[in-house]
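Before I ask anything, here is the structure I am working with.
Order as written gives the chain letters A, B and C; numbering starts at 1 within each chain.
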Amino acid sequence: MRNYTSPGRKLFLAFNYLFLILISLTMIVPMINVLAVSFTTNLESYDTTLKLFPRQPSITGYVQLFKYVAIVRPFVNNVIVTIAGTAVHLILCSMAGFVLVRNNLPGKTILVMLVTIPMMIPFQMIIIPVYVTIRNLGLMDTLWSLILIGLVSTFSIILMKNYFEGIPKSLEESAFMDGASEFTVFFKIFLPLAKPGIATITIFEFVNRWNHFLPAVLFINSPKNYTLQIALRSLVVSQELTSTTQSVANNTRMAGIVVSVIPLILVYIFAQNYFIKGLMVGSVKE
Amino acid sequence: MRTKSLLLLLALLGLVAAMAFAGGGKEDRSSDKEVVWLTSVQGGREPEENVIFQNEVKRLTGVPVTLIKPPGSEYKTKMTAMLSTGEPLDIVYLSAADMAALADQDLFEPLTDWIEKSPVLKNESIIPASEWDRLRQADGEIYAVFNKFEQGTLAIVRYDWLENLGLKEPKTLDDYYEVLRAFTYDDPDGNGLDDTYGLGIGYTLYDLSSFFGAYGLVRGFAEDASGKLYSPFATEAAIPVYEFLARLYREGILEPNFITNTSANFRDLFMTGKTGMNFYWAAWVGLYNQTVKADNPHSPFKARALAPPMGPNGHIMCRNGDDGLMAIPRISRNKDNAFKVMEFWHTQEGNVLSTLGILGHDYTYTNGTYKLTEVGAKHAMDHGAPQPKSLAWTNPLGESEGFAEAAEIILKYGYTQMVTPYNSLWEEITRAEAAKIILGSVSPRAGIAAMNARFKEEGVF
Amino acid sequence: MSYPTALSRQFRRSRLLYLMILPAILYFILLSFVPVADGFKMSFQKFRFVGASEFVGWANYLSMLKTPGFWRVFKNTLILGMSNVFLTAFIPMFVALSLNEVGRVGVKRSLQSILYLPHIFSWVVVGGLWIFILSPNGGLINSIRNVFGADSIFYLVSEKHIRPIIIGVNLWKQAGYVCILFLASIAGINPELYEAATIDGANGWQRARFITIPELVRTLKVVLLLNVMGALRIFDQIYVMRNEVVAPKVDVLMYYVYVHGLEKFNIGYASAISLFIFFITLIVTLLVKRVSRYEV
């Protein structure tokens, strides 16, 4: 139902749009630059001025990327680790978040503490003990180690808890009256209603895992287990080794960045469905 | 709902199963003969090449080798994690500075006797004794073997610009100033635009060390007559250099991004004709030419090395790279084989491997002639030691363009920075204060005072 | 008769709940708590890579407290960290509200996607990007300044500008994704609530005030808490964007840990500092929880 929009409303909307568009511009221009440079020729890519469109479009960057950096295998490894890890992460964290929402659970405070404290631990502090643990578990130099690290996270658990708290009590009460178990309530009521929350966690964890770098450096030794970030690292980070002779053109570098980011964009677009509602739910509409 | 969740579960199980096949990369290192080699620069240029490299080492030495080569930027993290958790490594590559920092951890096997008895390493025509003396620690032992001949950073200039402007090669500090000024303001590339800078660097003070060298000042720490440490860059003698550099910046001759430039940045600036001079490793003289000509064969680009500037008292000095070393951890179970590999690295065959690369993959050898393959050409003859340490080495394919003269310059004027436990502190403090001087925010005198005050505060002296 | 009593049912229910949270707890014990205990131990040692490390009691901590460098980075960490906590909580909330007002779904989705983009790039890329944008020669900001006749400013070496820059770039990178958190919570609001309110005669603003905003505030508390738990651990951005000139103003505790652990190989000392970060985070988290009256 389209209502009459007052001038005040129109002004408000105009400012709204302006604000959003300005912000978006600052975000998208650098990204376009990355994309543009990835499609330039070698020589043109050395030019450091801001580029929005390649003067001489070329796919040399991508060709060189695939030919000399051999990213297919690392890419696949990344996919495996990220999908598997994210899937398990989702299940475990949403279950944990659900548990923390229950009211009459003895020992809940302790559980909450056990779950929240780990996030405050700086990873660098525990690198060495974790290294030893992974080694003792026999997971050194396997993709399993990368899946295991970050299998659950405080962040996701707390977020899921937050989204679960938004679900009305009446729904679960009626389910319990029908004799449902906790797990059924979780699975059939809470989970479906927390779809926006799940979508959010999925994206974050996917992106987080996909970009995971330090664990891969620490636990992987064999090239066949390399993940994408390792393969691209030497590409993207220029090193100051003693007398380096590595010469990488910027277009290849940018191509590497683009390739590593595309899956993330895809996953995002897919998950976006779940937290953008079609109608203006809850907006300040007359 | 039920079927959907079941399907999800199955998919998950399927993935997990897939990983079981993908995941098992555990190398069996329980074999007593295999040498585990942790390095950041040696080996294949791509991860796959590491495997071929390993086989080549085995072919040439009889020793089976496993190479672990993490990305350079994270090498230290990996090395620290492995060394501190008792990983059975046999060869570890590390810089001289790291060796010094780890000295009191007593991690490595003394190699002095082994080196004495080695026909390869003790051979003066391969590695002179003076070089080994530099590696001797306080207890008189040598704990590591060299990786390669460390090149120095020297001035690389757009020779075609010199020619365009009718300038001679600069020799003294004043000459350098004139040339750089001309590069900035006299339109050296003749395109009618004021779009060039004389000097483009990245800010590590490696680059600028040649200017300090003109006044006889070494980079890093030095010992005074009584054996105490002091920083030559933080003495009165350095003031003229700072004034020179501040002038370059003030007059717009020094490219303004220098403090945040990475080496990739200033290389790009040089190659795209935005700057006329930079300071870099000798090998890059050839690489610059190669890279530019590869994409633009008709470019007038001509990069050449220059001798460092000579100061008013006749000093000329340029800085060599820090030694990259190979050491054997005490807990290694294969010390004999590890040493064998390190010794091999300095033989003729080892030198070929560390430069050209792997027979059949990087190069072919038919009828006594070497020829690079396409892959080998891409690797620019660098598999860990583009310039082997061995003095007996000559590259069968000749050196890349301009390299020979550059190497000569370095041999003549190069010095190696002294290794102390305070090196990273020196970097932090000197770079910070020198930057402020060059930017013109503080006077040279005030900057030097600040440096020394900070050194004192940190307990260096 | 074996009727399920209320008590036994509750017990059975709890058992299942414990089971559901068990994997998470196990993970944390194995990969967080045990390693932290180890790190705790290391902080009291003069850590030796090989062989037994000797215990030096509080020496590492004392040395830490006596070093002026430590207090400087602590101050930096607090300033940068807490600024991040609040800015990356409140500003995305307003952006979310703003986005929610957008009429056309297509536009809304595109805008939101663009806002989120910076988050998926690593700090190596984002840092490098902004160093370039802010650089005096060829950087976008200075080019614009030059067009208007102003001189270039080398922002990244300016002690005046560097902290706002670090905070600003962090906001730029994270705003989009925190925004999603808020949008997701709005999306989770039952539409019937709005319908009921409209039927009862509430107008737009009233609906926002009594339905949307309380929900957002609830999420805001969580966001603040999550931000705080990670705020003092910042590292990646500083590692990429720092330089020696502005180091005194932006070096953070984790960078300090890195330098001592990896460059000086002083692992016992580095552990002590890490532990310090951990405890401070604990304290600040409890404080924020108390102040925001966040119920667990």
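Criterion: contacts are C-beta pairs under 8 Å (C-beta built on N, C-alpha and C of every residue); 3 or more make two chains touch, one makes a residue touch a chain.
The structure presented is a predicted model; accordingly, all values stated were derived computationally and were not measured.
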If you average the Cα atoms per chain, which one ends up farthest from chain A? B
With contacts counted as defined, which of the two, A-B or A-C, has more C-beta pairs across the interface? A-C
Whole-Å gap separating chain A and chain B, where each centre is the average of the chain's CA atoms: 36
I'd like the Å distance between the centres of chain A and chain C, where a centre is the mean of that chain's Cα atoms. 15
Would you please write down the residue numbers of chain A that are in contact with two or more other chains? 48, 128, 213, 237
Chain B, residues touching no fewer than two other chains: 77, 84
Chain C touches at least 2 other chains through residues 138, 261, 267
Which residues of chain A touch chain C once you look at their complex with the stated criterion? 12-13, 16-17, 19-21, 23-24, 26-31, 33-34, 48-50, 92-93, 95-96, 98-100, 102, 104-106, 109, 111-112, 114-126, 128-130, 133, 148-149, 151-152, 154-155, 157-159, 162-163, 165-166, 168, 181-183, 186, 193-194, 196-197, 199-200, 203-204, 207, 211, 213, 229, 236-237, 257, 261, 264-265, 268-269, 272, 274-286
With touch defined as at the start, can you tell me which chain B residues reach chain A in the complex? 1, 5, 8, 11-12, 15-16, 18-19, 22-27, 40-41, 46-48, 50-51, 68, 70-74, 77-78, 81, 84-85, 95, 148, 150-151, 204, 262-265, 268-269, 271-272, 274, 281-284, 287, 291-292, 294-296, 321-322, 324, 378, 380, 382, 386-387
Give every residue of chain C touching chain B within the complex, in rising order. 47-50, 68-69, 131, 135-139, 152, 154, 156-157, 243-245, 247-248, 259, 261-265, 267
Note which residues of chain A are touching chain B in the complex, please. 41-43, 46-48, 68-70, 76-77, 80-81, 83-84, 87-88, 127-128, 131-132, 135, 138, 140-144, 147, 187-188, 192, 213-214, 217-218, 220-226, 230-231, 233-234, 237-245, 247-248, 250
For the complex, which residues does chain C have touching chain A? 10, 12-14, 16-18, 20-21, 23-25, 27-36, 38-39, 42, 95, 98-103, 105, 108-109, 111-122, 124-125, 128-129, 132-133, 138, 140, 143, 172, 175-177, 180-181, 183-191, 194, 203-205, 207-208, 211-212, 215, 218-219, 222, 225-226, 229-230, 233, 235, 254, 257-258, 261, 267, 270-271, 274-275, 277-278, 281-282, 285, 296
